[in-house]
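Shown next, in structure tokens, is the structure this report addresses.
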Amino acid sequence: MSDVTFPAGRSFDFTAIGRLCVDLNANEINRPMEETMSFTKYVGGSPANITIGMSRLGLRTAFIGKIADDAMGRFITGYLEKNGIDTANVVTDKTGAVTGLAFTEIKSPTDCSILMYRDNAADLKLSPSEVNEELIAGSSVLLISGTALAASPSREAVFLALDYARKHGTTVVFDIDYRPYTWKSAEETAVYYNLAAEKCDIIIGTREEFDMMERFEPNPERSDLFTAAKWFNYSTGIVIIKHGKEGSIAYTRDGAEHRAKSYPAKVVKTFGAGDSYAAGFLYGILSGWSIERSMEYGSAAACIVISSHSCSDAMPTAEQVDTYIERCNRGEITAN
Amino acid sequence: MSDVTFPAGRSFDFTAIGRLCVDLNANEINRPMEETMSFTKYVGGSPANITIGMSRLGLRTAFIGKIADDAMGRFITGYLEKNGIDTANVVTDKTGAVTGLAFTEIKSPTDCSILMYRDNAADLKLSPSEVNEELIAGSSVLLISGTALAASPSREAVFLALDYARKHGTTVVFDIDYRPYTWKSAEETAVYYNLAAEKCDIIIGTREEFDMMERFEPNPERSDLFTAAKWFNYSTGIVIIKHGKEGSIAYTRDGAEHRAKSYPAKVVKTFGAGDSYAAGFLYGILSGWSIERSMEYGSAAACIVISSHSCSDAMPTAEQVDTYIERCNRGEITAN
Amino acid sequence: MSDVTFPAGRSFDFTAIGRLCVDLNANEINRPMEETMSFTKYVGGSPANITIGMSRLGLRTAFIGKIADDAMGRFITGYLEKNGIDTANVVTDKTGAVTGLAFTEIKSPTDCSILMYRDNAADLKLSPSEVNEELIAGSSVLLISGTALAASPSREAVFLALDYARKHGTTVVFDIDYRPYTWKSAEETAVYYNLAAEKCDIIIGTREEFDMMERFEPNPERSDLFTAAKWFNYSTGIVIIKHGKEGSIAYTRDGAEHRAKSYPAKVVKTFGAGDSYAAGFLYGILSGWSIERSMEYGSAAACIVISSHSCSDAMPTAEQVDTYIERCNRGEITAN
Amino acid sequence: MSDVTFPAGRSFDFTAIGRLCVDLNANEINRPMEETMSFTKYVGGSPANITIGMSRLGLRTAFIGKIADDAMGRFITGYLEKNGIDTANVVTDKTGAVTGLAFTEIKSPTDCSILMYRDNAADLKLSPSEVNEELIAGSSVLLISGTALAASPSREAVFLALDYARKHGTTVVFDIDYRPYTWKSAEETAVYYNLAAEKCDIIIGTREEFDMMERFEPNPERSDLFTAAKWFNYSTGIVIIKHGKEGSIAYTRDGAEHRAKSYPAKVVKTFGAGDSYAAGFLYGILSGWSIERSMEYGSAAACIVISSHSCSDAMPTAEQVDTYIERCNRGEITAN
């Protein structure tokens, strides 16, 4: 796979920087949150979920982030460590910031929403001086998540991490992960997302997320090819544009367009689909698989997560993904 | 009871203004919150709890407050209404504020702590123009809670409510309820607490809370008599100073000092003790009882709440309090 | 004069708390500021001007305030000291605040405007712990200026100063001095102005300023009598309501209404008229003169200031006021 | 001159984006500002000064910026227009922002300081949607000034302007112009300065400014060559590093190092030296002169400005610079 290469001989296969938060998932589902009585606590946040996924799939992983100095923060670090993720660069905030929260409401498998607590969130307090150059130099992949660009000083920490990655030849993956409520304006978002994307090797986002990034560069027909082509002028090798139920398309620098089949699932909720897809896909290409096979693997991993109650806690092992694919191939799993 | 009188012929016995929030109580108790797996959701906030208590005891109650425009906010209003509290003056924030949260951690019956989410809290967005003069004119009692003084515009809303109450002869109860994390400085707190207390008929607080109010007026021996005497120069008739396990003392304008016996309880946690005490005590004096009998009633109501998992949801009816007192008197209840 | 009395035997006749700033007066007048080439620098701010006026009239004066740690701040302190004002309680900000500025534009004697710089102003950083109780206890009069109520912590400093003044029997004068640009909302302003006014012996303001204070207490006919009567329920003895060119009216607790004749002037600009009026009037009543004579004296002092280029620097001595009155009486001065 | 080229056939030779403010220069010099009595008003701000300089030298110029909606703002626009600068993209703030101020204090020709007013400054409110792509596409040169990167939304506006310039082949000049008081931290500054510099063709700064940019990339010997070399990996063609009295050095992509002789001057103050130098130098290279000749021209322009009272108003015409050089060459001008 020549579109993107990965440096060998590094201590870690995968390091992510960004959001660490707590999901509070409604225990009573298929009803509005007003009528929910209790919630179960999980580690959350896109880059956290992806890293947990990568670790479960057997890779050597680390995280760069910031947690609140409280029980929620300690819960997060403890969970990462239990999952084999190196947390030496997960620092503790000392300014009184809190852990970001996501209360999830599952009205039906297709009608899910999230109530976010992002004011004074600890993860956005990560500062440039807390970004460890050696760790980035010692990782094959650095994953950045767009949410971490939403505010200072986390925004500057991510730009510095990107700089370190370019300097040391670490391959950079950009998970766009656009959450409007943490941003001051769509204009501001577009400017920083574009600045960051210029320095990334793989960019993954939904069609709507790329639309937002094209605010100052009209693409009236919302052409995926136009969108992808821009980034191939920079260092990008793969652009994945997700079209929801219609599946994802991967564009590569050589001009090719890659699609993969998807798998059926008994859907409980849609949360976490993107994170498990990213973990599965990245695992594939890090393993040297074709883009198509990697996409299928991501798709199967996503099916497993959306069939269960949590995101992070449901991230599958390689064995679980393999089994799921086999069962699908045998026709044992059908959609709800 | 001539120390404080209550206007007759009003539509409501009791109206409170201030904090409305959500408590998330750990389901797995006697462990640190890091190890808690799930939480149960209750309505919370001192003035909310007291109002629910008053309503359960059979009084006609109303609330002036502000909720977030989300599922948490709708849950609060729904719960107040189910408890017979008039919510015509509970307005909905339109600025994107969130519901204040209190995660409770119960490590042991005597080692409890709270993890608060107060950034961008909807209750502190209540503005003066949202304070209904007619409602205050139509209530026998207005209860204000000190937490509502912590930030603008809620602070100004409370001062305006106090002004309306004085104008219409509504009796004012001040529950000090000092929560340092919502204030910019102890100096600021002391100034506004004193300004508010000057306009109140009954003041209820802990010794530590009165210490904080005396920041600019030294009382080196922390004399309760000195503390209470100051307020009798204004319109105050009763000052209750709470000394934790050593019990409370009520000082009255006539120079008397009142103490009451307390009851035993099988304590689960200490949260909510003050709120149920306030509800029981105020119910008593509104009923024309002696201060001592009112204090005992408050004490019994508090025992019921600290013996159960929640605060608001455990607020007792008059029948429950009476039964509790009878059982204690028969020696059927002993402390843990 | 029994409406308001002044404690005797104090070290200072007059102490003011509040705004200290710099006026930059256009040297080229009768043109818009766009065409102004240069500005002359003066000390400014209502309470500063009044204190300078009182000192020029021969009283023993002091100031409680905060200045920026820069050349502008040092200029202010130096000027106050040159004018015989005690500056032991003028403290220096250490947070990087700046000196408030007022650029004055004089298009014509009746068309004057001000361009204010009030962001991050040092005077609004005065904190309660910087208010010296002994100084207030040692002054006959404390003057507070409404602008100092516009933001924390200056607002709390003023409320604490009021508390000290009541405690020690110091007579309090409230110069309303409402400047909308420093306030968040008119609601907020009304609440704090009313809270402060309850504790003052003399209140001086324009009809428009009292209208603002009556935001929650309708006075649809804008009756001066209604306005003044409210404050006589508190400790106030004199309420002066200014009606611009139609002159001022002083209301006293005994129900009387006092008006005084005014003097002609060759007007250069209208700035500073209120400050010099206040200084002259207060000098009169502190001297035991009748309200009418005091008002006339204030009026003459105002004429002197509006006939000159500056505010602070033009504040007259008693000799200058006496001479002005004599010359008017001899018909030597006529209006422009 | 092949290090940097300039597109031909554009409507404007030079467009700047960024700070527009007002300088208030002490009329009484050689004394501390405390003793200054009056100030003269000039247009100020580095990019404004440079643009005025370019216009005086005969180039076709435009400005992209934001002014306060007051007399100061109108004064700025009026002055730019009088100097032949296109102001169609100088927009007026509607949020109540003020014009940034710089009070200059001249204690001696070598001891000058500035008292800045930058809180709520209108120039930092420029937003991306106010950046005109066509203007940038129609200009040979875009100059950005580092101060405009200090805060949102001006920071994003500059990054968008850089994007437009790269897209349309407009040559970009970066005047570092680092003013610490407008930034939150040196870390934040370094990150954004580096991000911007990557997209610039000519970078001009002092040794100290480049030190700040190298915060995360140690250059312990403060080597100019190391500093310059970094930028030649991007699109930069010329890096000018200023060493104060020891003169400036221009590094070019071809590895060469250029120095130029300087001229004597009767120095009144040092303000404005950098801006006039930049204008003179850029005029030279836009005219196709050698780097050395351009540097000498900048040096002569700077001498003229530091010999006079103002910055903007003293920017010389080409005739004035030529005359100055000739007089220096004839020995008619000597240093003070």
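Letters are used for the chains, namely A, B, C and D, taken in the order the chains are written, and counting of residues starts over at 1 for each.
In the analysis below, a residue touches a chain if its C-beta (ideal position, glycine included) is under 8 Å from a C-beta of that chain, and two chains touch if they have at least 3 such contacts.
Predicted model, so just to flag it, every value in this text is computed and none were measured.
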item	value
Chain C reached from chain A - shortest hop count over touching chains	2
Chain pair with the higher count of C-beta pairs in contact (A-D, A-B)	A-B
Chain centre separation (chain A, chain B; CA means) in Å	44
Cα-centroid distance, chain A relative to chain D, in whole angstrom	42
Multi-partner residues of chain C (at least 2 other chains)	none
Chain A - residues contacting chain D, complex	127-129, 133, 152-153, 156, 159-160, 163, 184-185, 187-188, 190-192, 194-195, 216
Residue numbers on chain A that touch chain B, as the complex places them	24, 27, 32-34, 36-41, 70-72, 74-75, 78, 96, 98, 101, 103, 105, 115, 117, 119-120, 181
